[in-house]
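Submitted below is the structure of interest, expressed as structure tokens.
First chain written, first letter: the chains are A, B, C, D, E and F, and each begins at residue 1.
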């Protein structure tokens, strides 16, 4: 773990059907389906609103102010992947812009998730290449130090193994370990299944207090109504 | 104050004409009209741009990571209300999503103001239910601890009594105490009245220095012009 | 430097052709062209997405919670200028709204860059007057204390002399000293010149590893590929 | 509420025995005794470690960068008081230094709690005058704008009425409303009473799991032990 | 990974000689010895200056505002352990105070590292029980939700497996994976070995430029000296 | 300005008597004496309490995560200097530890002021070498990229020219331009001169309201006393 200067070329990706299937549930439902773990910190924000994706993680560990390994990870991208970029220290520099995005898209990447900054966000938005980052910055980087590709990384507080599924939308970014992806997909589908009915009842004016049968436990907990 | 486990069912709301009338002036003008007090901290941001609302406050005090009382407050909402949610400690969890929004809208709520996180922001945006919050997070919450409804709360640095008027737009969120709402409405209208004329003069190239007669006080204060 | 209570009326502006010519390259390219210096901190964000401008700096130094000098600087604006507002201490108050924007536009200002807050952002967006700021806040200011106009200021970590060129877009704000503006324009144009070709090659699937001939230096640095 | 330009000279202070009696329990125990409400945000830190005080609140509302009202509140201090200073906007300026501290001490003040900055902290430490603040800054302030004295204020997220009890130590600052002070003192004493015995048992190796009888509820909640 | 509601009782701890031996090198040297990875974020600060420890990690995953599992982890502590507490979301509540510290010390724990708040810091300091945390807060917690003990956790940006070595001092907290601990100890010792000689030479006025033979590479990189 | 890869060997230092003389007034008084400008941001904190120094600035501009130029600047230090280190982007890495401190002390440096992180703070404290920084971090840096020495830099929001005077204590860090140093020394001495008398009067119970004759201006501003 945390080896520097290595690139793992063969990683076990979550099967495509599962990885692709998680996108439509969104990060909030998937996070619930996992038992409320695996979420990146809320400082990770999309560069434009409305993107909702899932895909298999290829990971890259970078040094502050140095994006050399971004070119190394590009070669390891396969269609359906999402690149997860972690930094060994706090940094807001713009590691990624429209040229790298062009390359990533040509390789089939669906998105970039980076715990640092990006730039060229206007062009990235026009290209429709979604990025979740902690900052936007015109500050470029150098190419001097080796990091690693496809090792496990901690990105924005979440552990990501290569091949895990990443689900990202306007609510944030959640990581589903490969071994749990199938079960999580089922659990997410089950959660979603009865949401439509719930929504209809709530829209009709039924209260959550009644629909979820909360009145009795609230009373037991000692809630007092005062007129 | 700050009683836990109580729900006040009968609150005195500011009269609807006054509460509704404040929306069109926006938070900046209302804040000026009040003498520059009552503003929430600038970390409170709308989940989408362009919403501008006013309404009567129903308040809820929540614990970190626990949204149980959100269902309790839903029952106390009347058409024209804005829900003000305060937390007893710093928390960025997503307390509120599309199902609760459906319920709040069905009860007639106009907006939510919460000093914590929300989720399902894409759906909330599509539904047109505006929220001002300090974070966006897919992280859900539990339902285990009693808070209170319709007690005075401190939300994002502002004191809110149930029934106060809340004015929110892209500039922020301001709270108008019920007793001052009528006077504030008048003061806001008076401020606005001569803004049109001022704007026309400034657009025509008249300087604020002359329009506001600042040259003499600036000179008196010692301002030096150097060529 | 840092004189208080002075207004310099005659400043040497970068020539218009150079100042205007830098806009189209954007902050990231200009920042690179300068050798990666001169960038404001990434907390400076545009109030709406998509604006991209350059212009000559007129500067103003303000005190916390006091925007008196904003009216003084208005008179010094000439067509093509961008106002750079620095504050003597941390402050998020809303120093600038639609009336001042009307006046600034009437004088020919292209944008405001302020290391504090602004308000009326909805109207400013409708007016198409771009602002880069560190906060949005309905909180107004008083008019009580003298600052200065057209002295060198430090704004969001960057030193700005009156007459320097300012380039701002969604990626941030960069300052080009007047003496370096011509050379920077050339360097930016040179950088941009071969970007189109690079983009085409990357879009065709060529890797940066090959296009930039990185394989050999990476190997020399000790990168290991593991299958 | 939030009137500007007023000084209330006659406030009802919590009786001295109660106000003084709360100090020895410290902020954590008092906060628990109140039902876990009334705490200021954790950004409020003491300028030196080890001070532990309680006293009756006299309040002051200040504007950003302006400490004029600090001199007005000084006159309202009586022995046993703690000054609570709130600001109408975010500000880190140094509102208070050794001269004001000399004056406050001469009036009998026990401490200052301010949601902004202070300075001369080395001298304040030598004088033994404790301050809880959100920042330390050499930046001074002007004297230009009226605030108020002894109105209710929101300070670091907590509502403070004049005459309330304030308890502050290395863990933070808690506010006890006057009407609840007596009951809180009793509750704090009751909590503390059996702490000694608990501490002895824990020191002897008894586990909280057993002392608090948590094993059964943990099992019921589904906790699994895996060897 | 990230299972909720489980307690692993049998973990493989790094051997005591290695775990104990790392303390004296401190976090900076150990971090270098590992190749500059494994460091927690710099927001993790000691509650008092001067403590320097190492030990084997027992881990606990907690929910925001809920310290129930702290009592569960206490039972799993063995002499020489350091408790690593991660939270599933951002939280500054005070999860840990003098009673829990008494229990932890009785079990042989050397320190607590927690990515949240602690309280009773004055007493903890007197007890000599060191804690590294991101906040100090009098705010207590509830006991309602299951987390886990001795699963791998991400704490302050660092991945920690139960049994890993943790080294903490005034510079921060570093995590050494069990498999790398022996090698890291050797590397740290090697680094330290010639530090004494270096220090003597630098103290005698020899420049790093000469001692590290940097003049030639600096010249090659293009450094210009201007008189 | 902001040239990269240059070292200015001959800088004009403020004369020693003036530079040395400013220390005893402290940052707050010097900042007032300058007209309340020149202060670094309040995130700059001393690594230990109680140090109070002044000296002549030698400056260094560094890149994120790279401390190569620290060795270059060491050679330019003369007795009485304070090293001012600015970074081209936000960074919290530990650029400086006990070995560099040994070298700096051997050259006669009085302190380091760095808008980034430092490490070995326990040893630095024992050595009595004061540092003002924005972070403490065990994270080391590489030596790969050229910055500059003795160019003007912006450090923590303040512009520093080589040879300026720097005054630092527990309240913060203030920069006095060389050309203003003599005048500032006089102004600081004048401010201090009558502080003793003021302190005595305040200690005797005289109110600032009377001593500064504020009652009449407060009344004129509209202050109301309510009994």
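Heads up, the rule we're going with is that contacts are C-beta pairs under 8 Å (C-beta built on N, C-alpha and C of every residue); 3 or more make two chains touch, one makes a residue touch a chain.
What you see is a predicted model, and the numbers here were worked out from it, not measured in a lab.
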Chains adjacent to subunit E and to subunit F under the stated definition are A, D
Interface copy of E-F among A-F, C-D or D-E, with over half of contact pairs matching by residue number, is D-E
Taking shared numbers over all numbers used, above half giving same and below half different, the subunit A and subunit F interface sides are same
Between the Cα centroids of subunit B and subunit E the separation in whole angstrom comes to 42
Between subunit C and subunit F, the Cα-mean centres are separated in Å by 27
Taking each chain's centre as the mean of its CA atoms, subunit C sits from subunit E at a distance in Å of 41
Note: subunit C residues in touch with at least two other chains are 36, 39, 42, 88-90, 92, 137, 139, 145
So the touching chain pairs work out to A-B, A-C, A-E, A-F, B-C, B-D, B-E, C-D, C-F, D-E, D-F, E-F
Contacts from subunit F onto subunit C in the complex sit at residues 1-2, 4, 34-39, 41-42, 61, 88-90, 152, 154, 157-159, 177
Seen from subunit F, its contact residues with subunit D in the complex are 26-28, 30-32, 36, 39, 42, 45, 49-50, 52, 169-172, 174, 195, 198-199, 202-205, 207-209, 212, 214, 218, 221-227
Given the complex, residues on subunit A that touch subunit C span 5-10, 48, 68, 70-72, 74-75, 92, 94, 97-100, 102-103, 105-107, 117, 119-122, 125, 135-140, 143, 145-146
Subunit D residues touching subunit C in their complex are 63-66, 88-93, 137, 139, 142, 144-145
